[in-house]
Amino acid sequence: MIKTSDIERPSMEFLKDLSGISSATASGELKRLGITNPHILGPIARTPGKKIVGPAITLQFMPKREDLTSSTEAIDQKNAEYNDPEKQLHRHALYHTQPGDIVVVDARGDLSSGVFGEMMLTYFKGRGGLGVVIDGCIRDFPMVQKLGLGLWLRGVTPNFHTQTNIFPFAVNVPVSCGNVLVIPGDIIVADDDGAVVIPINLAPQLLKKATDHSEWEDFSRMKLAEGGDLRKYYPLTDEARSEYENWRK
Amino acid sequence: MIKTSDIERPSMEFLKDLSGISSATASGELKRLGITNPHILGPIARTPGKKIVGPAITLQFMPKREDLTSSTEAIDQKNAEYNDPEKQLHRHALYHTQPGDIVVVDARGDLSSGVFGEMMLTYFKGRGGLGVVIDGCIRDFPMVQKLGLGLWLRGVTPNFHTQTNIFPFAVNVPVSCGNVLVIPGDIIVADDDGAVVIPINLAPQLLKKATDHSEWEDFSRMKLAEGGDLRKYYPLTDEARSEYENWRK
Amino acid sequence: MIKTSDIERPSMEFLKDLSGISSATASGELKRLGITNPHILGPIARTPGKKIVGPAITLQFMPKREDLTSSTEAIDQKNAEYNDPEKQLHRHALYHTQPGDIVVVDARGDLSSGVFGEMMLTYFKGRGGLGVVIDGCIRDFPMVQKLGLGLWLRGVTPNFHTQTNIFPFAVNVPVSCGNVLVIPGDIIVADDDGAVVIPINLAPQLLKKATDHSEWEDFSRMKLAEGGDLRKYYPLTDEARSEYENWRK
Amino acid sequence: MIKTSDIERPSMEFLKDLSGISSATASGELKRLGITNPHILGPIARTPGKKIVGPAITLQFMPKREDLTSSTEAIDQKNAEYNDPEKQLHRHALYHTQPGDIVVVDARGDLSSGVFGEMMLTYFKGRGGLGVVIDGCIRDFPMVQKLGLGLWLRGVTPNFHTQTNIFPFAVNVPVSCGNVLVIPGDIIVADDDGAVVIPINLAPQLLKKATDHSEWEDFSRMKLAEGGDLRKYYPLTDEARSEYENWRK
Amino acid sequence: MIKTSDIERPSMEFLKDLSGISSATASGELKRLGITNPHILGPIARTPGKKIVGPAITLQFMPKREDLTSSTEAIDQKNAEYNDPEKQLHRHALYHTQPGDIVVVDARGDLSSGVFGEMMLTYFKGRGGLGVVIDGCIRDFPMVQKLGLGLWLRGVTPNFHTQTNIFPFAVNVPVSCGNVLVIPGDIIVADDDGAVVIPINLAPQLLKKATDHSEWEDFSRMKLAEGGDLRKYYPLTDEARSEYENWRK
Amino acid sequence: MIKTSDIERPSMEFLKDLSGISSATASGELKRLGITNPHILGPIARTPGKKIVGPAITLQFMPKREDLTSSTEAIDQKNAEYNDPEKQLHRHALYHTQPGDIVVVDARGDLSSGVFGEMMLTYFKGRGGLGVVIDGCIRDFPMVQKLGLGLWLRGVTPNFHTQTNIFPFAVNVPVSCGNVLVIPGDIIVADDDGAVVIPINLAPQLLKKATDHSEWEDFSRMKLAEGGDLRKYYPLTDEARSEYENWRK
């Protein structure tokens, strides 16, 4: 029987604190903490307006190799999708789902294979999953977009996943997704700007830094919207800062 | 005078029966019938939520070659688009339109040429056309998206089609569109997952298979949405199957 | 102190006259004036339904070279984004903003750097800017899409612009954007079909030609929508033309 | 039994006259005759120093579709390559070979399929074939490079042609090879600069123009190699022309 | 201290028997054994004429992530390449070298990082290594090409490997190289056609099949080179077979 | 009359001192001086074994725009290449040639235009030019490869430069070549690993650092070639260092 590792999850409180941070803020602060580029490039927001924050379950695909995909070899060609489903590792990734989880899939940028379909994602949603970030595709998008999950995808396809050139190879191992290394249990922040990986050990520092920012930015934003001078209000000059202090009162 | 072949069309009844099938179901069943990959990769849904099923009129573009595109040579440079329009084969593709038809265009993935504009597509709609699948672009998208056609496109452009590097070369010949071979008269199923080609000879078998599926899937979907176990409900175990039988009553 | 050139702007009247022209009409007429391909390929409409017309302020990025980006070298690594902001040329591009302006950015097609974020674009909007055409990305898209600007972009990203491989190099110089040469002060027309560059010297001729077109096209469109014959109504045959003359009365 | 068309060939005298022309000269003169770009982009010289001129036999590949590649369906999986070889159209292309012929293959840029191997190309050489231009690959390159044929290829591969995603679909039909339209019987000129297509009807004009050029260029070349002024010697100024007239004597 | 796994190697006799097989033969026979595509696509022969056969040591690169590449963080910026070299896993891959070994590197197709340089490869050669297959680059090509190793590379570069975006992550784990899954200890056959992966368990079967082939092919080749009929000699018809039997005596 | 700037050149002595440095050494030392990536990616060595070092004359191409390329508009279509050649800026780049110069061309990666042909490069060679680095193509490669110049090119083509989509726009301005910023007068080092840009101000420091290296490396190389331990000899351990000191005597 197949047995895959689970991930360690931070406390719900901690995740709640992080949930106010945008992917842009996370990326900016991570830069200051030494991470040049935490952006998962390729998968884009397919559920506009959605924003999710949570720990990453990872799933890794590899190029198909017929001597290793034994579940494929043994199967009844007429009914391939359902035969021996317990050998299909992409199912095992979902078995780990706990409320608030996010599944990150290295599907090798493949545009011909649907990693998950409606049934799998309905199950994921039923278990409390928040969303998926896939360097590849899902299928059944007409129905899946209504499930309420957040979806960051390279594309969509009508094909299912055993149809073409890749197969699920490992669960909860380090993966490269969109040219970023993701360790199982890292925090994902995803919104309309894209998905960002926060290394779990840097998350507390990031949280602290990110909250300093926002107050004076509200003032600057207001001033700039009124036609205020960028040189004065962003960043705040000394003069603008005292204006800000007054406004704040 | 230019004369191009028409296609053979299945009965309206048959098309109506097929119209319940999604592109994902069609792709899955075709896999079981031996077709590895029927998905037209590249053109994506530009009219979200639209779904169309119908026979394919095909149009093939080729790289421009000035000694062959004689309509181009002869023209008055000041009024290029309208001169001798009857020599332009993309018009002839549309002349074949009957209610329920879909036009499939191999525009070579070109992103600099608009294959059809508002006028052409208004005519196509007026004749009962359902939609177009183009491995390339249309122009006049601001207006065309309001016509009610289904549009699967690689992109949109303000350029017209004689502007750059390709020209319409043949109508109702076998074409490669999005890396799938399409024979004139094949059935196209297109929705938000993309467009799929059903070889006309496999369409009856596919129809039969596709209808078996859906009943027990409704039950599974319901259970999974409630947090039910994927191992039990998808596919149905024996235990789940008897639950299903009860529920069905 | 850094000093960059401003652009010459046409009169507001002239811009208003041009504002009725679509990018498709502009592209078609420019073809007749000898310009093969004025379409900025790559940046696509991210604010569907928006249409803008205005003069181009240009901004050029170059590959990062650490000996030249001295503002980067000198900075306090903890607070990189704000240190010595006046050396950052992308700010200077915005300082030139006057009501009706459009900023065109050659960001080298880079998908890892956000050229502008919410604060910059709030300032730009506050100064009367209409929109941006960027062969690259912005950040803060969740907020920026609500500002009311027109956005033609290759993508969006959570990263800021000094984060990766490019840096702002020059303002109001000739740039290549989406494989089209843009001279500062050229007119940009952008809508859902994409963005087109009108060389400023050709703008008066284009304006004259473009207005001839539209009247008989309304008649043709109506006829085609009713199922009229393309051969008769587009372009108008002599017979159709007299129908048109009657209809017009 | 499969029957494919043959091509019309120009006289051997005519081909001999053309054989002095380089691909660069052909491309330059074709530009003057109105053909913008006759260069087959993609396939590059794999037999450096080779130059060939001859008429084109064409072979077209299409994306594999299992219901159509009946030779594939019927085959004994253990011995796929040899079963029913007469149904494989790439063999039929070679059956047309006459001394001096060149085979041009639209293999769709595919890098995973070897269109021809050593045996096929040994036969082609035995029949007097000059070389091949393939927008795709051959296999058995270790041996094939010793056959004395000219080879312009996108790549080489150890795979054979039925191994992956394409199959031979038609012989001696118009094809797009490296983004140039090739009509069966057109003349190919290929050397280290690449392969150029001369439309057969333009070949006589091209031949005439190309021979004018070369005499004064020899003089210019000599002068430039000695450090002569480009402004004076290329093209020849009046002063340089009289120098040339003297030198010629 | 870092400790990485070694591979299991087949006997030298077995490798010697395999050494007569070309990559094309290996690919063809693997197809018959059920492996669709064993060709490592991307790395090409940089040492023309070389052929190697041997077991694969694997090395995996991942996208750089500054919190994990601690050897990088700690280093003296002035002397980065040499500091704490024992933490650099690409060195550990080479420590496993035994005579006849081949190193296979998943360098993610990166063209900006030199995975190995002259010193590393001199050591590898000194230890009896046969060659490398890298989906990426080496540096010091001017000297390395003289070492006598076989080199299959995507490119060459003057940069060293810590210079850009990837870092060595694991040794002797399953890797994807050129879109083929390679398990440590699999057999690599590489020549001018490219590099092929033979799953170790299929190697004995492949060896047996591959030797059947070649005898009658020598006869066919001879006949075809003399202008013999492809239909008769490849594959051999019954008539040709008896010719062959006679010739063989 | 067109007048373009010349570059400043370092002394011949200085260039001679630099000439012993390989591109790999230059890249490594530049990294230590703060330049992450000085490698011009794209153009590769087309004259294997050649190595050149010298100051950069730069030439910039831009996308063709018919209203600006007036030299093109005015020309006699029958004789386009020679008409008004003095307006063609690629000629002006070569007019600046002094012995030891290298021309660096941003040809936008274009593969359809030959930037220089035999005549131009014969002149360049006659004037003492060392070689060219072009992010694009030359034509007349059959003859040009014999001139003795060093050539780093993205490709070769039979087309001439006004044939397609780009035109020469500026001489001796900052350019991006192969994704590296080159300032006129920077030093280029190019060999079989590729071409590297040394910012002129960093050249003296680089020269000093690069010469330290090489002595002990000769000893290491010898030891490693004999099967010596990488851990001991590269870099040198203390033990190995005293071996080295002895060997040196």
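Annotations
Which chain is which? They are A, B, C, D, E and F, in the order written, and residues in each are numbered from 1.
Following the convention adopted for this analysis, contacts are C-beta pairs under 8 Å (C-beta built on N, C-alpha and C of every residue); 3 or more make two chains touch, one makes a residue touch a chain.
Source: prediction; values computed, not measured.
Fewest steps needed to get from chain A to chain F, stepping only to touching chains, is 2.
Note: Cα superposition of chain E onto chain F, rotation of 120 degrees, nearest 5. A count of contacting C-beta pairs for C-F and for D-F identifies D-F as the more extensively joined pair.
Rounded to a whole number, the gap between the C-alpha centres of chain B and chain E is 42 angstrom.
Spacing of chain B relative to chain F, judged by their CA centroids, is 49 angstrom. Each chain gets one centre point, the mean of its Cα atoms, and the points for chain A and chain E are 35 Å apart. Contact with two or more other chains is made by residues 36 of chain B. Taken as a graph of touching chains, this assembly fits none of the simple shapes: it is neither a line, a ring, a star nor a complete graph.
Every pair of chains that touch is listed here: A-B, A-C, A-E, B-C, B-D, C-F, D-E, D-F, E-F.
Chain contact summary for the complex, chain A toward chain C: residues 22-24, 26-28, 31-32, 36-37, 39, 41, 44, 49, 51, 191-194, 196, 217, 220-221, 224-228, 230-231, 233-235.
Listing the residues of chain E that touch chain A in their complex gives 34-36, 62-68, 73, 108, 165, 169, 174, 176, 179-181, 183, 199, 201-202. Residues of chain B touching chain C in their complex: 77-82, 85-86, 91, 94-95, 111-112, 114, 117-120, 122-123, 125-128, 139-142, 145, 155-160, 163-164.
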